[in-house]
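Two complexes, one shared chain (chain A), two partners (chain B, chain C).
Presenting the complex of A and B:
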């Protein structure tokens, strides 16, 4: 019972961490290594807004989602635009951006028990002898809602459809009038905003630590690689596989082994099916 | 007038040929003034040092079906990409990375306006749409969604009318609405590809090798569809290497070899030309 409940919440947590990363990669082909940094930055910005500027929680959350989204857009427009299609350069550039953001935050000292984001509702509930806090229930609800919204967005709005068009065949999309630069920049903005939403849901469970910036990236990468980047069913399935195996390992062995499971899964998948469980092999030339 | 087919030789053309605006091609005898929708003048396209298009002069008049015939690597696709603006998009992205490998010279005029350096989305707004070579559609989306994506730039309320129009021209697509485009046959994908270009509501439709890889029966039904499209008032420019099914519906045609124009004339003249018959029809 404990494994089931914590397995589900842990899996949804992983899915939340990965969805933004996967969205950006699926559409623009940019592996945004600054994903974890944006997650962290969103959390810290919200904390500053609440505790230093006295802005109410929901407004602070909205502000930091918008700000980090804008930062993602600017990261693309200012830096990635020239590197497009050069995969290694993209990785180096986003990783550099991530290190700058995370290390500046570390230097400013945003780490430790003072930095805690408020829970949506305090308290917990007893489900079959397992205590589950409301925040984790909210987290699952947010995860499910985001994935549903994400589906509706990509299938029923003009921008969402243009995202999928660019992801499937960039040049045909361009020949139909879809601007690939605008779409890719938007995808990075959306991905960054999703990182912040994930952070706002997950961070209240503990205190903010700058190390998270790197950890989240690893988790997002693991889910993406196991499930196949750019595939929504892939994200869900991979999150559940990794989420449950992490909890199982933590219960039966030691919590330290969780990371080994995650990294081991990456290695196994890369050796057996490099495109991931649901992924499709995509040639680099398809990208413009 | 002896033969209106003029044999082109050398790189430079005589300037006077263009000064002589009255290109009587034999067809449309009743028409007083030709409405030049698309004029291409002295177009040169380089890929690095390679000359892909060499001093090309082509014009398309409103309401015509015009063909650009040529074998593989003649420069047909480069021509289509230059008119649709895809090549500008490629060039911009190359230049950004410091590549600077694509060079364009000359004029491409659409309805009198020089659009050589205009980006693709603006050209679509002006009314130019391209169905690309080898019908690259969106394989993961169903047919209807492919068509819906193609209306990206449109804000007008008449979109459902265009849907009806596309389905009336390609009735086989109606039954396939909900099928993933990647699972459709080559012919169906080709219809879809043309349908997608039509969804942008073009004045000028560019077709890049629409008959490639299709069965003769499918080729014929596509040809009929092209005729129908023209009847709706859409001007068509087709790049093709299969001259036999195409030439009967063509008003005028150009032949491109190694990026250069070698022949031009009315559809009838091209059909009777011995060189075309041996090169493109295997007679």
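Presenting the complex of A and C:
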């Protein structure tokens, strides 16, 4: 029972972390290795807004989502536009951006028990023999809602479809009147905003730690790669596989094994089936 | 209405370059100097610097610069096969741990552990990476990004090889000079060796794989075998750097797999100009002393590296070395069109 409940919440947490990354990197093919940094930045900005500027919670949450989204847009427009098409340079540039953000935040000392985001509603509920706080229930609800919205967005709106188009075939997309630069910038902005939303839902469960910036990226990568970067069912299935195996390993062995399992899963999947369990159309791009 | 005059930048090889490239009978000392100076001057400088600086703090910085230069060279070699690594820390860490482990548990002397770590470590790295040589581009990079993290976590979790504490009190170098000169000689050997190798037939195949792997396959060449060989060579260099550093520090710990050993060489290679080996060396010899000078900034150093990396990618994507090389070999002029 414990494994079931914590497995579900953990899986949804992973899915939330991965969804923004998957939108930019998987669906529009724009590398965003600054995903974890944006997640962290969003949390810290919200904390600053609440505690230093005295802005009410929902306003400051909204503000930091918008700000980080804008930052994502600027990252594309200012930097990535020059490197577009050189996949490796995109990765290096965004990884460098991530390091800059995270290390500056670390230097400013935003880490530790004082930096805690408020929960939506305090308290917990007893399910079976397990105490579950309301925040985790909210988290599951937000996760499920986001994934549904995400599916509808990428399959039934014009912007969402154009995101997928530029990853599948950029030239055809351009010839059909999709402005690929604008779309890619927009997808980076959306992905960054999603990272902040995930952060706002997940961070209240613990304190903010700058090390998270790197961890989140790894978890997002793991879910994206195991599930298949461009597939939404893949994200769901992969986060459940990883989420449950993490909890199982932590219960039966030691908590440290969690990260090893995640990292191991990435390596194994990349070696065996790099397009992931559900990925389809990148077969030729990724290996020879 | 006056027509706006537009200009086009034209680049022409200097006469002396054309002469020294094609005519093999060197006519004058000037021609010879033109060819030799860019090679001899850095070598001479590198050999003299430790003597000038002695065993001071900056003398040690030269050693670190050499270590990172070796890692950057190894990165550049893999990049010239189209294998872009985001995990030089893997080679560095494996080399460190093999040398450290042999020295700590089996009490092997240093002149055995370093060669053993170089070859054995390279073999381990190659075996680790061979399953993924089929991967291209970003996918290969992601594996290399993850592997060092995986190892750092494994050592912590399994509490093997000293766990979180690391292996302490390993054999030190008899003196500072030996360490520095081994490092400098290694850098020069690898630098000129790679520059030669990449222009041989073997190197031609490697560059072919980078440019278009399927064409090379169609030519009936087993590209996986070539990629594995390239990984072995590159990882041997990386492991050697790791083994050297281990004995210099007399310590090996999880920090050997840290992001620093990935980002610094990468930044060096990108800033200096990838693809020429000399660029990677130049880049690290600029960046490492710079970062030591900025040590006062503490934690901001890594952030600064990120900024330099971004700046280099955005402003001078060809790298410093290619820029200098162009200025050295060519004249530029604007002509109206």
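Simple rule for what comes next: the second predicted complex is superposed on the first by the 279 of 288 C-alpha atoms of A that agree within 3 Å, B and C clash if a C-alpha of one lies under 4 Å from a C-alpha of the other, contacts with A are read in each partner's own complex, and residues count from 1 in each chain.
What we mean here is this: a contact is a pair of C-beta atoms (placed from the backbone, for glycine too) under 8 Å apart; a residue touches a chain by one contact, two chains touch by 3 or more.
Computed from a predicted model, the values in this text were never measured in an experiment.
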Looking at the combined model built on chain A, do chain B and chain C fit side by side or clash? fit
Of the two partner chains, chain B (first) and chain C (second), which one does A:171 touch, if any: first, second, both, or neither? first
Examine A:254 and indicate which partner it touches, taking first as chain B and second as chain C; both and neither are also allowed. second
By residue count, which of the two partners contacts chain A more extensively, chain B or chain C? C
Rounded in steps of 10, the angle in degrees at the Cα centre of chain A between chain B and chain C is 80
Once the shared chain is lined up, is A:205 touching chain B (first), chain C (second), both, or neither of them? neither
Thinking of the overlay built on chain A, is A:82 touched by chain B (first), by chain C (second), by both, or by neither? both
Could you look at A:271 and tell me whether it touches chain B, chain C, both or neither (first, second, both, neither)? second
Check whether A:55 is in contact with chain B, with chain C, with both or with neither, and answer first, second, both or neither. neither
Does chain B (first) or chain C (second) touch A:3, or do both, or does neither? neither
Overlay on shared chain A, then closest C-alpha pair between chain B and chain C (Å): 9
Intersected contact list for chain A, partners chain B and chain C 82-83, 288
List the residues on chain B that touch chain A in their complex, please. 84, 86, 89-90, 93, 96-97, 120-121, 124-125, 129-130, 132, 136-141, 145, 148-150, 152-153, 196-197, 200
Where on chain C does chain A make contact in their complex? 84, 86, 131-132, 134-139, 141-143, 146-147, 149-150, 153-154, 156-157, 213-214, 217, 223, 259, 263, 266-267, 270, 298-303, 305-307, 309-310, 313-314, 317
In the complex, chain A residues that touch chain C: 31, 79, 82-83, 87-89, 91-93, 95-100, 103-104, 106-107, 214, 218, 221, 225, 254, 256-257, 259-260, 263-264, 266-267, 270-271, 274, 285-288
Can you check the complex and tell me which residues of chain A touch chain B? 81-86, 155, 158, 161-162, 164-165, 168-169, 171-180, 288
